[in-house]
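Order of writing sets the chain letters: A, B, C, D and E. Residues in each chain are counted from 1.
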């Protein structure tokens, strides 16, 4: 008469409190508002000391909404997770969370989750049992399937921790090297430049130590590297000596909205501006570090007037920036999406980095980061190069089996790459997926996986903000809500077991993870005390493992720059800026109702796509807010409503990423347009990344109007002084007195 | 000796007033001017002067109703406010007099009006059981005079009315 | 003959029995036009019922309301109907107290209008409520939960004021009708006789009843005047007691009262024309009465215009930026069209009433009265909407034109009012018979007196020819009072 | 064993209801039921002395009658409370710690019933649940609307622990709102638990008068 | 409800805000929002949705202006001159200010909104009859009305499992607004009482303040002199009370202000002025 009770049983849902579903105000004309015998009460089978009905318990876990790897605390009551907050112990987010992290719960409870395995029978996907699904899987990639290793591919988003290990393991056993890691919102050009010039892919940036931050399109408050961490640092940067933020970008991002000075440079010319500033600084002899004459010679061409001509940024502004960088040293100069993702992106970022070098910021505001000691667990960062590689492989018909996990190439790839069409040439496509997105619905076998709140896992953030590196544990906060979903790790493990007997020791991924974490080398788990058993329970409690630092000093080095601005605008006078927004991200959160309903931070538009235009351009086209415009590139065209504001370069049109899903559940489907679809297949010259910001377009009036659904009546305060603003010198002056 | 009621109908007020004047002048016995009840299709202010001062007491009740209304209003409102569990104050006192005055004013009128109407109904004898001595002409254009007399004087009074332009005479036993 | 009638309120030689007969005839045998009107009103009303059922089921979103526009046409319409209700009070109470005899033929339907427009108005706060079924919570009843309504809230004052006003004006109407009920009891047959027999409470018209009646009627009139003024002031305090720009105005109470009298007069004019035409009441609702009504309307229109301008200038001279912006937005913003319609209909159109030719031309008066009514409706909406559209927080600025549901309910309220009124005119006399008789009686009396005086003068100025006997009556100036 | 009128009556009524639902009830059945019901109702009732009201509490006033809620297992409160003298808070263990009193976990039931009375049908029902690894789905009897925030913890603390009221007699406190549970099999709602009921008690015993103390 | 009570305590019942009101507050919760470090990222708003069972209304209803965001981030462009928005955008997190002399309170016909002993402006949903006067009378426009039965399509299964059982789901026809996370305050109070201590600063933190990535939002009890909030109020020379603040402006670092202070509503939220470097 013994009942097997494992940990999951403690996370069991209780029928208590009725989930708040009965309503206030529902006491319609009847006067009796009491209800007997309507709500169910289910007790625990076996109680756990800490689980008291009616009282929330907090469990530590990790956010899986983006790649930053923030630690989470989930509030669990009656076996349901109700709310997540940041984990105060995590050095990444210090107990804070962004809107995407907050909406993890809606991703988890999403009504459009896939609830059972599905297999393609004929042209449709049909629900099958797990046995059937697993046997199909075995027959296709099992040891006896005769599948050729190099014809097996796997495309994932950024992966790290033990998921990365287990993916590597599986691919190694199959004999494949085709692991494509794809993210549209990435920093791979930045990373390449950092690797080449500093010797560290992901250097640690000390925003708070900078007197002035000069950002070339790096939306570090919104979508760049580790937004929540950056925002915390930004607060310190503002609060202390109150540094100033200068943002150069074609379209105002959230960071641009918070800048002290926002400068629109002509898209694709940010590098020239950086070189112009560098030249001016060297001319005046303000540079802290000498530059070799070869570089100085290159810089000589970038005189102020020349730069003004190329970039459209007035000379006085350039001078002012240069003197700011000098006066308020140390500074921090960074570059993000709108600088990186051009054909000359590498050179542009290198030019930006040059400013850091000559201003002597290295070692002050830019430091070497702590690397996680176990190399295999480090993050494999997503990029768009792999997407291009995959597209090529698909075109050349090089793959028989393709696994997809945590990414949606059918949505994010430009139409001209024909990824969607290419996928149909793959014999057997397996999708590990929570949602019926575009890629998943093309798969032959769909394996429904647990949500981030049901699954086990470990994450090693690519950007390590602390002096010691950190591994963040993802643990289930509740029992799976759907009976038929399985953990990604569990499925991988069962596939591994087919070939490698070693894995037979582990009944499930949980035990694998427990063993793996508890037995990590002492230099890794140095922060966690006790025997291996205690380590595990400590990790469960804290949610993070702080590994000992192994930071090297940075090795600054100049690279050869051949910065060139391409002028090719025959018929397509405008630049398309496919902007990323904190919220829908690259479109993976479009099925979360909250994130659809929350306005974009700048345009405040909800539930759809829009095209941002400068008033000048809008009056040229004769459009006003809400009118539709057609944005046409050489590869296609999209229509979107116009939102007009002064935070965009007149030559640029910005359409945010994230919308335009053909599938992906009720909240995302058929809503807005996807700017990625009309991108031209241009590549960054040096790194081979997709140059997402390089596409030239023309914008025409589509002569259609609808009310623009956006938050807020008046765009200005009409002199109300809701937001009072004082100048910083006022602030400084008084600080001196005080 | 039973008593009889007589209703005499007249063409207009002038004829009726003549009769009243004659009764006042004691031209016919057994009828006092105070017994006269005059019915008319319209209200004529001279009726009062002709028939003598008869009391109308409604206004006292109205006053009482008004006073009650305002007092009740004050105590009701302040005690409800004082005993209310929560105080929606918005920076205002618990018993805010200016706002209560508004309601007290309304209550004054409410009670005054209702007492007036109720008293009117009672004081003017509406809704009470009445004799059948009535003519439909009374609501067209004729004036009626009702007198109550002893049987013995029935004929003389009848004749008196007939001689004085009465169009019609009806009688009933009390 | 026509020359004779021209100066008189009514032809004093009207047979009393004819008065009875005419009015009773108007109450019986509805004509085709009557049924068509009933049908139209019923359709409008059913539209409103359907819309209300939908709104009740779905919530107030169906009315198209949104965050800044928490109130919209429901409240505007409520104020409109409340305003309309002041017509009866004005005509019957105020003019009664000042002995304006010419009110007598027309005050009855004006009073009915009061009651019915109050009954219509009363619906709007209910329709407007999010949870109608809890409406009774605004009433001060003793409950074991120890909670009371909030007596500070102007909405509670509204509830008090409207119930007081509705009951008082209904009583006033009823009391005034008792002698007429007796007439009807005596001169109808069948169910009507039974009904009026009950309603007349055994009225016999004896001197005791008349005496008490006179006193009661006067007392009620005395109470009704301050009551009517307080009611509309309280309605205005729904706005004036708030802090919203454009609402928090000290002149609002008199402004609202003036507006109410104004719209009431305009409505009386409309109904006057209709009743006169449809019930062939030319002899009772004479052009002279109409002329007096229009003069009164003009006077009130000017008062209203003045108060309106005073409000604007007070805002203009003050330094409240929010108020000022709302005012400017009214004139130039999205609602400008409506605003200028109000200015035109409310301030310009009344000047047509200066011309006697127009005053005596019924079709023109009908059109003008409709325009005035429109102006007054729009005025109420211009109080509610622009303030909400442009209040303190610019982030919440918005322009709203109500949804179909809202329009249907507002539209249907006219149907409901019409329906009540149509039922009324067939059930009750829309002309007060006994009072028209009184009017005739007094007129005759006065003419008689005057003739006597003339004769006396003539005999004094010996030898003068006796030409006054042609019946050329010099009007009734003494009776007009005002 | 003593026949309990209440229990029998209830059972009868419940079974009659079940039959009515099936619509196959015959006159004969009805008759026999009514005869049975009559017989049962004239049986002597098992009576208890009224529960004493603790001296420090002014009890809330109000009575309520409600239909009996059909529970998956007909749990006899009377046996446990009255005959076994088990304290309320032994099973409803969360009452002193949380807003809900809690239904005892199945393991707690099985703690005794692994050995006690295993032959009884109700216990066998329970064992079945236990072996399946499930908990019975009870239906809430004492339910307040969802906009009411009621917490057992605060009431127990105020009336029992703060007053040093003997915990053995906690039944007297619980009974103020839950009625005399020792006389019931499955719990029945005997008190109205409406706002007036709560309100009067709060006033009498100095509970908070703030709306937000109880409304959410 | 006795006459004696009224007569004896009449002067007490007549005390208004100028005399300190009749309330004796246990706490007076307040907030400080530093607009200089607020980035306008919407995190607070999301946290509020998650905590307070706020309905997602969908595009059509959003378009009509019927959205339910208790905490909204307003964005203003104030660059009328110049070609570009060089100063960036102005963000303003706007939520119920829990005014000490709240204008919404006296106008509610059924007293569904009132002041709690915690100094909060409470909205009792189940008492509300939906006259919407309170919202009309709110200069901040932060009261949201349930124009529809939003619950019907906002939480399709199993999204409803996320609903916080500590507060109710509102049906059509009731007004709702920011409550300063009353359920958290209640939990914290219970916890403090259980541990037999007074509530300390940091025991209770609203969802928005907890989520705010830059820590721009600070929440606490302004009556507790040691709380972070009251220190900030003190530092910025803003004090509770319905009247315009007189500041000793020797120090420009005093950035605190309350929106619509001139309306004498005594808001509980202190905003710190946004700072922009105009030198650049």
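What to note about this one:
By definition in this document, a contact is a pair of C-beta atoms (placed from the backbone, for glycine too) under 8 Å apart; a residue touches a chain by one contact, two chains touch by 3 or more.
None of these values were measured; they are calculated from a predicted model.
Summed over C-beta pairs in contact, the chain pair with the top total is A-E.
The greatest centre-to-centre distance from chain E, using averaged C-alpha positions, is reached by B.
Ranking all chains by how far their C-alpha centres lie from the centre of chain A, first place goes to B.
Nearest to the common centre of all protein CA atoms is the CA centroid of chain E.
Our note on geometry: chain D versus chain E, Cα centroid distance of 42 Å, whole angstroms.
A straight line joining the Cα centres of chain C and chain D is 62 Å long.
Rounded to a whole number, the gap between the C-alpha centres of chain C and chain E is 45 angstrom. A separation of 32 Å divides the Cα centre of chain A from that of chain E. Multi-chain contact residues of chain A, defined as those touching 2 or more other chains: 16-18, 20-25, 27, 33, 712, 714, 716-717, 722.
Shared interface positions of chain B, defined as residues touching 2 or more other chains, are 80-81, 83-86, 88, 90, 92, 96, 99.
In chain C, the positions touching at least two other chains are 68, 131, 146-148, 150, 152, 156, 392-396, 398.
Looking at the complex, you find that chain D touches chain E at residues 145-147, 149, 151, 153-154, 157, 210-212, 215-216.
Residues of chain A touching chain D in their complex: 1, 3-4, 9, 15-18, 20-24, 27, 33-47, 52-55. Across the complex, chain E meets chain D through its residues 114, 116-118, 120, 122, 124-127, 166-169, 182-183, 186, 190, 193-194. Contacts from chain C toward chain A in the complex involve residues 68, 131, 133, 321, 325, 392-398.
Of all residues in chain D, those touching chain A in their complex are 66-67, 69-70, 94, 97-100, 102-108, 114, 127, 130-131, 133-147, 151, 189, 192-194.
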